[in-house]
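Both complexes below contain chain A, partnered by chain B and then by chain C.
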Partner chain A sequence: MTSYDDADPVIFPAGAATQTSAAQAASEEWDAVIVGGGMAGSIVAEQLSQSGHKVLIVEAGPGKDLDLAEYESYLSRFYGAVVKDNQSPYPFNPNARMPRSTDTMPVGPDTPRDDFYLVQEDKYCSDTTFTRVLGGTSMHWEGKALRMLPEDFDLRTKYGQGLNWPLSYDDLEPYYRQAEAELGVSAEVEDQAYLGMHFPEGYVFPMHRMPPSYLDQTVARGVDGMRVNLADDDYTLRVRSFPQARNGVPNAAYDGGKGFVPVGAVSTSQVEEGERCQGNTNCVPICPVQAKYHAGKTLTKALSRGNVTIVTQAVASKVEIDEQDRRVTGITIKNYHSLDSESYDTYTVKGTVYVLCAHAIENARLMLASDMQRMSRSKLIGCNLMDHAYLLSWGLLPEPAGTMRGTSCTSGITDLRGGRFRGTQAGFGVDIHNDGWGWATGSPYTDLVELVDKQGLNGKELRRTLGNRISRQLLLAFMIDLLPERSNTVTVDERYKDALGNLKPVVSLKIPPYTMRGAAYARKLASDIFKRLGAEEMTAYDKDRYSAVEHDGQWYNIVGGNHLAGTHIMGTDPTTSVVDHTQQSWDHDNLYLVGPGSLPSIGTSNISLTMAALAYRSSTHIVRYLRAAKAPATVRG
Partner chain B sequence: MSVPEPDPSQESKIKTIEELHEYLYKGLQLEHATLPPYLTALYSLQPGRNADAWHVIRVVAVEEMLHLTLVANVLNAVGGTPDLTKSGFVPDYPTYLPCGPDYFQVHLLPFSPDALDTFLKIEKPAQAPDEESRLVPVDWAALGLTSDGAAPPSEKMAEFEQSGTILGLVPGEPTQRFLSIGEFYEEIMRGINYLEDQARTAGTTIFTGDPARQVTPEYFYSGGGDVIEVTGRDSAVAALTLVAEQGEGLHGGIYDSQDEIAHYYRFQQLEKGKFYQKGDEPGAPSGPDLHVDWTAVYPVKPDVKLADLEGDPEIHTAAKEFNQSYAAFLRNINLAYNGRPDLLLKAVWEMFRIRDTMNRLIRNPLSGESGLNAGPTFEI
Partner chain C sequence: MTEATTTDEELRAFVKFSATMTGFSEFDLWGTGQAEAYYDAVVNQEGPDAIERAIAADPSDPLVKSIIKLWYVGVWYGPELTGRMDVAAWTAPGRSGAKPAVPDDSQPETDLSPAAASGERRPEGQYARAGDERIPLFVVSPDAYTEGLLWRAIGAHPSGAKAPGYGSWATPPTFENF
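The block that comes next holds the complex of A and B.
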C-alpha cells in the first residue's frame, strides 16, 4: 500500500479542496487549460487567476495533498534512499515516468522497456533529468537564479554564433524583477552588475546575498586577481556570489523601503516552517525546510483565489486540433487510478486558450505525439534541444576548507560568461560546490567504501581520515554554453511507449566542437586554479562512460545540467521558429507554449529565472488574448 | 483586533521608568521560562512519527522566541538593558507559573497528556472580570513555600525570586501576582501610557533607547508572526499586544492580529485531534483531523537533574555540555538584544547544536532507571 492508495472513497484528502476529478474537469469549460503544475504553469495560473479567469491545471504527478505532510513524505523518502539522486525524494510512478541519471544508457528496441524513460540510442548519452510531480523540476532545482547577459540575447549579431532572440535584455528586465520578487532572490546588485547586466536606479534584490562559504573564501584567496588571456583579450577573475532563490536576510530597502516578506512553507494547516536557509547542503534534491523556492509557493497563492483548479494523475496525451482552422479544441488526458495500477480513464478537457507548461522535453513530446509537426511551418518542434554541458574538475585542497557546510553552491567565477572569445568558443560559468565531490565521484559514500575496503581503516582513524578528506574536497563545475543545433532533438517513436501507452521522448544530443573548445579551455583553467590553491589534481575522465566525448584527441566526460531548453524556440518568423515573442504558437492561434522550450539560447545562466520572467511576460499577453476572445460580439444594427 | 483605549480611571501601578524596566525583565523571564518544557517535549517525539504534534509544538516554541525578542525590543526602546544571563533567569524546574487564581508546577516532561495539560495551563486565556480581581494574593501554603501560609520573610522572598522558583510576582509587591500573563502585559501597557503621558507633559519621551538596538525583521522571521520594531508608544503597544494575543488569545480570539492561532488553541488541537479553521468557536475546532501518537515518544525522566545522571558518566558529561551550550546560546541571544542583532543569524545553527545535544540525552536510556531515558537538565 502506498500513501497514495485510492481505496478511500473520498477522492481527495482534506486540505486539497481545490482539486477536482478528471470527469468534473472535462464537464466544464475553462478559460485556460494549463498543462503542467511546475514553475511556468504555476506562474501563468497565478497571473490568470489575478485577472479573474477560470483556470484548470492538468498535472501528471499525484500531488494529491498540497500540504506539508506530502512534502515531508518526500523528505523521508529522500533520507531513506540509498542513491540520493535528483528524483530520490519522489515516488516511483510508472504512469508518469521521470528520467533518472542512474538510468543513463544507450537504448535500443531490445532494451527492457521499463528500465528507462529518456530513450537515447546514441553512444553519447546525457544524464539530464526533470521531475514530474506537482511543482515540477522546481522541486529538485538548486535555486540559482542568474539573469542572462545582455549579449546572450544577440549572439548571432555580436559573435556570429547561435541565434538572436526576438527580445532584448531591456525588454525582459522588468519581468526579471517580477520573477526575482516571486522567487525571493537573495543577491546584491553590486555583485550582479557585470558584463553589461544592468538594473534600474535604486533597485535592490528582495533579500541580501547568501553569505559566501568558507570554501568560497578559500578559493577566492587563490583566484581573485588571476589574469587570463582569451582571444587577445585580458580577463581578471574573481569569485563572485550567485543570486539564489532561497530565503536569506530580507533587504529593508526593497520596493522603495517597504522591505520584502519571505515566503515560508506551503501548508494547508497552520504548521509554519520554512524560514531562512539553514545551510543543509542538500538543496538538490530537496530543501528540508522550504527555504528554497519551489512552484508550490506560487501555486498556493493561485489556488487560494478559488478560480484555479487542479486535476492530478492526469497525463496529457494528445492536443486535439481542428484541422480546418488549426485551433486547439481540447487536451486529451489519461487519468490513471493509482500509482500501482496502469488502468486509466480518458477525458478531454476544454478551454478558450491552452498553455503547455510541461518543460522542454514533455512539451515537445506531447506535440509530436499529437502529430503537430505536420502542421508546423518551421518543422522545428523538438529540434534545438539544449542543456548546459557540465565539465567537472575535482581536486584535494592542502588544508580542510569546510566542504559540506552551507548551501550546495554559494559562489563561483563568472568573468568568462561573456566576451569576444565567444566568436570561437563557448563561454562558461564556474560553480564552487560546497557539497564536495559528490556529483563527480559519489562522495562521501565512495570515500567511505574506499577507506574501509581498500585501506582497511576503522574506528577513530576512519572518522578522522574521512572528515579530513571530505573537508578538503573542491569540486569546480564548469557550466558551458551549448548553442541551439537543429540536429539535437527530442522525437517520438512508436517503438517506445510508457505504461499508459504514451510515447516516450527519444533524445539525441551531441556536444558540438564549439562547446568542446570551451570545455578544453575550462579543463586547463581548472588545473591552473588547483595549482594556485596548492590542491592535488584528482580529476579523471573515463572514455568508457556514456558521458565521454572526444575533442582534439582528449577524452572528457560531459554531464547534463538539467537545464533543458530550446525545443519550441521563439523567433520573428513562423518558418524559423515555433513561437513568437509572447510564446504564442505561430501555427495555432489559441495555443501558448510557455517554458524553457521557447528559449532560443541559454547562454551561461541557469534557465529558471529567465523562464519565470518569460512566463510573466506571456501571462500579460494571454490575459489580453482572453479578454479579446471573451469580449461580447458587437452586433451591427 | 484592536487594543482597548487606555481608561484614565485605571491607575497604573508602574510609576517610574525603573519599575517599567523591572516589569519588562520579568516579562523576558516569563517568555523564556516556557522554552525548556516545550523543547523537552518537542525533542522527545520520535522522528517522523508525530508530524502534527511536532509542528504544533515547534511553532509555539518559535513564537516564544519571537515574544522574547518583542519584549526585548520594548525594553530597549524605553532605555532598558535586557539581561538573559542574570542568575535565576532560567528557572529551576519544576517551577511555579501563575494560572488563573492558582499557581501550578511546570515540569520538564516528555510529550504526554500531562505535558499537554501543563502547556494548556501555561497558555490559558484569563481576563479579569473587573479591576479588583486583576491581582490575587499568593497562597504560600498551597505552594509549599511557607508552612503557615504567611508571606515569607523578605530575604527568603528574594531567594525564591532569584532562584527562579516562582515566577510572575508583582514587582515591588511580591506577595501579589497578576491573574494571568495577559493581565501582566496589560499592566505594562498601562505603565507605558502613564509614563509617556507624564514625559510628554514635560516635553520629553520615555522612548529614549538607541534604535540600533532594535531587532528588525531582517534578523528574525518565521512563519509565526513578524518582529515589530519598537520606536514609540504605538509600536510598543502593538508588540506587547501581539505577545499577549499570540500566547493566550487575550481578548478571547482564536486568531491574533497577525492571523496566527493563539498558543492555547494550537495546543488544544492536540487534545481534540482536530485543527482549527476560520469561523470556529473556541473549544470546537472543525478543521482537518490531527493525529497524535502518544506512544511514539522517548521516555524522558521528568525534571531530571545532573545529580540523577552520575551513574552514567558519559551521559553526565553530555548533560553538562548541553547546559554549557544552552548558557552560551543565552549569552549570544543577550548580545543580540544588546546592540548586535546580527548575532541572531548565528543562533540558527546554535539551535541545531541545542537540538543535537538534546537528542543525545533524550535518546539514551539511563542505567538503573528501568526504562527511563536521560534528558536536558537546564541547570544554568
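The block that comes next holds the complex of A and C.
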C-alpha cells in the first residue's frame, strides 16, 4: 500500500489497470461496485476508500494505466491526428465507442443514423460528446468550474420555469468548497460573489485567478459599464474572470493561511509537468502538461490506498435486479479481450451497494437496457435530457488582440445568468474564446486554405495577412439554459446495438422556444457588443446545417455544449423523480446514480463542479449506508 | 554524379523554392527539421518529377498550393483537395463543435474511418510510395504539426505545444519582423 501525501508526486500504481482480471473481480464480494472511472466515479471511490471500504471500479475503456506514458501517447496521437476533434487524442475503441462531433449528420424521422455510436432520430441533432477512457470526459473537458446560482435551485418557485431542486445552494455550499479543493480551482471570491453567490467569511479559492487574456482586456474596454434593459430591469455588464480547474498561483490565505499545494501531473515530478498552466491553448481536447484537472489525479489517490481495485475493458451491460425486493444483485459486464477484437467474456460483479457513475447518457442507457423503466415509479429514466445550447457569434476586431493564446477561455460576461427575465426567456453566460473562430469556422486552418487556395496568396503577403487576420478574431459563445423537458430523451431500441451487442443510446433533443428566446436576445447583444468594439460582424448562420433552428422567422445554428444532464433527475417524490437528494434510487434501495443525470436543471454553469460537489455529498450518504448494512445485527429495544 | 547528390541538390532546390512560396527564410525552413519528410511526402504522393514540376509551375498551380499548406500546418492536402474548406475544418485543432459533419458524398478518397480520424497511425514511413495508391490527406508526423509555420505567422504557438508560459497571454501579441 502506497501512502499518499499532497506534497508527493501523484504516482499511478504500476499495473493497476491490468492486474485484476474480470474473472477475479467477479469471484469476490465488494462493498461497493462503481461503474465508470471518470470524475464522479473517482471521487466516490476515493471517498469510500478513505472510510476503509473495499471498492471495485468497472471501466469500459482500454486497460492501460493512466501514467505518463499513456498520457504522452494521447498527446502524440492528437498531434498526428488528421481530424483534430475533441476525441482525437483517444484511441478508437470499437467495443466502447465514443460519440464524435464529426458523427453529426442531418437526420429525419425515417432515416435515423445508426452507423455511429449515438443514434439520432430528430431533425435537430446533437453533436455532443463524452469520452470512454480511464478518467472519462474529464480528460477533454475545458476546465471551467462555475458554481450554480442560488436562484438556479428554485427556478420553479421563483420564475415559474423548470423544476426546483430538493437541495438549496446553502445545502451544497460546503461540498462546492470540497470540490474546489479537489479540482484545484483558480479564482477570486471578489470576482465570483455575484447574483447571490456567497461564500463563508474568509474563504478564498485554492489558487488565484488565471490572468485575463489580452483579448479579454480588449473586450473589457468596450463592454465594461455597458447597460442593457431586460424585462424592465437594468443590468450593467462587465467582463469577469471564470473560475477554472487548472493550476495557477496558490493562494497563501487558503484554508486559514495553511495555503494550497496543487496536484501536478500523474506519475512524474511536478517540477517537470503539471504545475502552472503554461498557456497551451489546448484545454480541449487535452492539456499537454496536466495543469488542468482530470479525474486521473483523484483516481490515483484512490488506487494508492490499496482497497480500491479497477477492472478495465469491462463494459457494464446489465444491472441485475431481484424481482421480489427490487435490490440490485449484480452488474453484468462484457470483458472484451482487445481493441482489435470483438471477442469478450461475460461476468457478474457483486457488491453491497452499486453506484452508477457513467455520465448522463450511459447511466440512462444501461438502466434502460436492463429494463429498469418497468420498475420505475416515475418512468423518467432517460427523460429530461439537457445540454447547454450554444450560440456562437464571431467578429473581426479592428486591431490584433492576441487571439490563439492563453487557456481556451479565461473570461466572459456573466451578468445575464440570472434575473427576473428568466420568467420568460433563458439566461446565459458568455464565453470570450481565446482560440478565435475555431469553434465556428475551423480557424486557423480554414483561414490558411482560404488565403492560399481561394485568394491565391503566397510568400510574405500570405504570412503577413494570416497574422493580421487571425490575431483579430473574436468569438463570443453564448451558453444558454435548457430546461428539463420530458420529451428530450435518451432511449434504447432493439434495432440498434454496438459491437458487443449492447444497446446503443438513441438521443432525441429539441431546443424549446424558451431557450430560443434567450438565443435571439443573445444574437442581438452580440451585435451591440461588436459595434461598441468596432468589430466587423462576421457571424453567418446556415439554415441547411444540421444545427439549424428557426425562431421568429430567423435561422440560428445552435450546437450542444457537451454539458449532458438530467436523465435521472433528483427530487422529493418517487413519482416525479428518479433519485432522492442523496442520489439514491427511489426504486432500488442499494443503488446510487451519481452524476450529472441527477441534475433537475443546469442553469448557466458548466455541470462538472456541481456534479463533483454532489458526488462528495452522496459519498457521505453511501458511507452511512455501508456502515448500516455491514453493522452486526442488534436487537432493537 | 551519384543519385544521392542529385537528391540532395533537389532537396535544397525544394527548400529554396518553398522559402519564396511561404515567406519564411531557408534558414527557418531547415530549422523545422521537416524538410526531408516534406520532400519525401511530395515525391511519394505526386511522383519522382513532382519537385521539378512545382518549381516550374505558376504559383496558382494546385501542387504549389499543397506545398505551401504543407509547410504551414504539416498536413498533406492533395492537389485534388484544393479549396476544400470542410477538409480544412476537420484538420484544425481545437473545439470541435462546429467542425462540419463528414457527409458520405463528400468524403475525400482517404481513409477517414473513425480509426484514422482519431489518429491511429500507420507505422513510420508507411505512406504510399510512388506508384502505390495515393493518400490525399494526412499529417506527415506528430512533429510536423508542432513545426507548422502558421503559428509563428500569427504570433502564437501551436495549440497544445511550445507553450509560451504562465500569464504570457495577458500581454499584447508581437509579430516577427521580416
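One rule holds in what follows: the second predicted complex is superposed on the first by the 600 of 637 C-alpha atoms of A that agree within 3 Å, B and C clash if a C-alpha of one lies under 4 Å from a C-alpha of the other, contacts with A are read in each partner's own complex, and residues count from 1 in each chain.
FYI, contacts are C-beta pairs under 8 Å (C-beta built on N, C-alpha and C of every residue); 3 or more make two chains touch, one makes a residue touch a chain.
What you see is a predicted model; the values in this text were computed from it and never measured.
K.L.:
With the two complexes superposed on chain A, say which partner A:68 touches: chain B (first), chain C (second), both, or neither.
P.N.:
After superposing on A, A:68 lies in contact with chain B but is clear of chain C.
K.L.:
I'd like to know which partner A:76 touches here: chain B for first, chain C for second, both or neither.
P.N.:
A:76 contacts both chain B and chain C.
K.L.:
Going by the contact rule set out at the top, does A:471 touch chain B (first), chain C (second), both, or neither?
P.N.:
After superposition on chain A, A:471 lies in contact with chain C alone.
K.L.:
Once chain A of both complexes is superposed, is A:181 in touch with chain B (first), chain C (second), both, or neither?
P.N.:
So A:181 meets neither chain B nor chain C here.
K.L.:
For A:259, select first, second, both or neither according to whether it touches chain B, chain C, the two together, or no partner.
P.N.:
first
K.L.:
By the touch definition at the top of the document, which applies to A:250: first (chain B), second (chain C), both, or neither?
P.N.:
First partner only.
K.L.:
Should A:88 be classified as contacting the first partner (chain B), the second (chain C), both, or neither?
P.N.:
second
K.L.:
Just chain B (first), just chain C (second), both, or neither: which does A:278 touch?
P.N.:
Once the two structures are laid over each other on A, A:278 reaches both partners.
K.L.:
Of chain B and chain C, which one touches more residues of chain A?
P.N.:
So, of the two partners, C touches more residues of chain A.
K.L.:
For chain A, which residues belong to both interfaces, chain B and chain C?
P.N.:
76, 276, 278-279
K.L.:
Considering only the defined contacts, which chain A positions touch chain C in the complex?
P.N.:
Listed in rising order, the residues of chain A that touch chain C are 75-92, 97, 100-106, 127, 129, 211-214, 217, 248, 276-282, 284-286, 288-289, 390, 392, 400-408, 410, 433-435, 438-446, 448-450, 452-454, 456, 458-464, 466-467, 470-471, 546, 557, 559-562.
K.L.:
Over in the complex, which chain C residues touch chain A? Could you list them?
P.N.:
20-24, 59-60, 64-65, 68-69, 72-73, 75, 77, 82-85, 87-103, 110, 112, 114-121, 137-139, 141-143, 145-146, 149-151, 153-157, 159-161, 163-173, 175, 178
K.L.:
With touch defined as at the start, can you tell me which chain B residues reach chain A in the complex?
P.N.:
Residue positions touching the partner: 48, 51-52, 55-56, 58-59, 62, 216-219, 221-224, 226, 260-261, 266, 275-276, 287-290, 345, 348-349, 352.
K.L.:
Mind listing the chain A positions that touch chain B in their complex?
P.N.:
14-15, 68-69, 72, 76, 208, 249-252, 259, 261-262, 264-265, 268-276, 278-279
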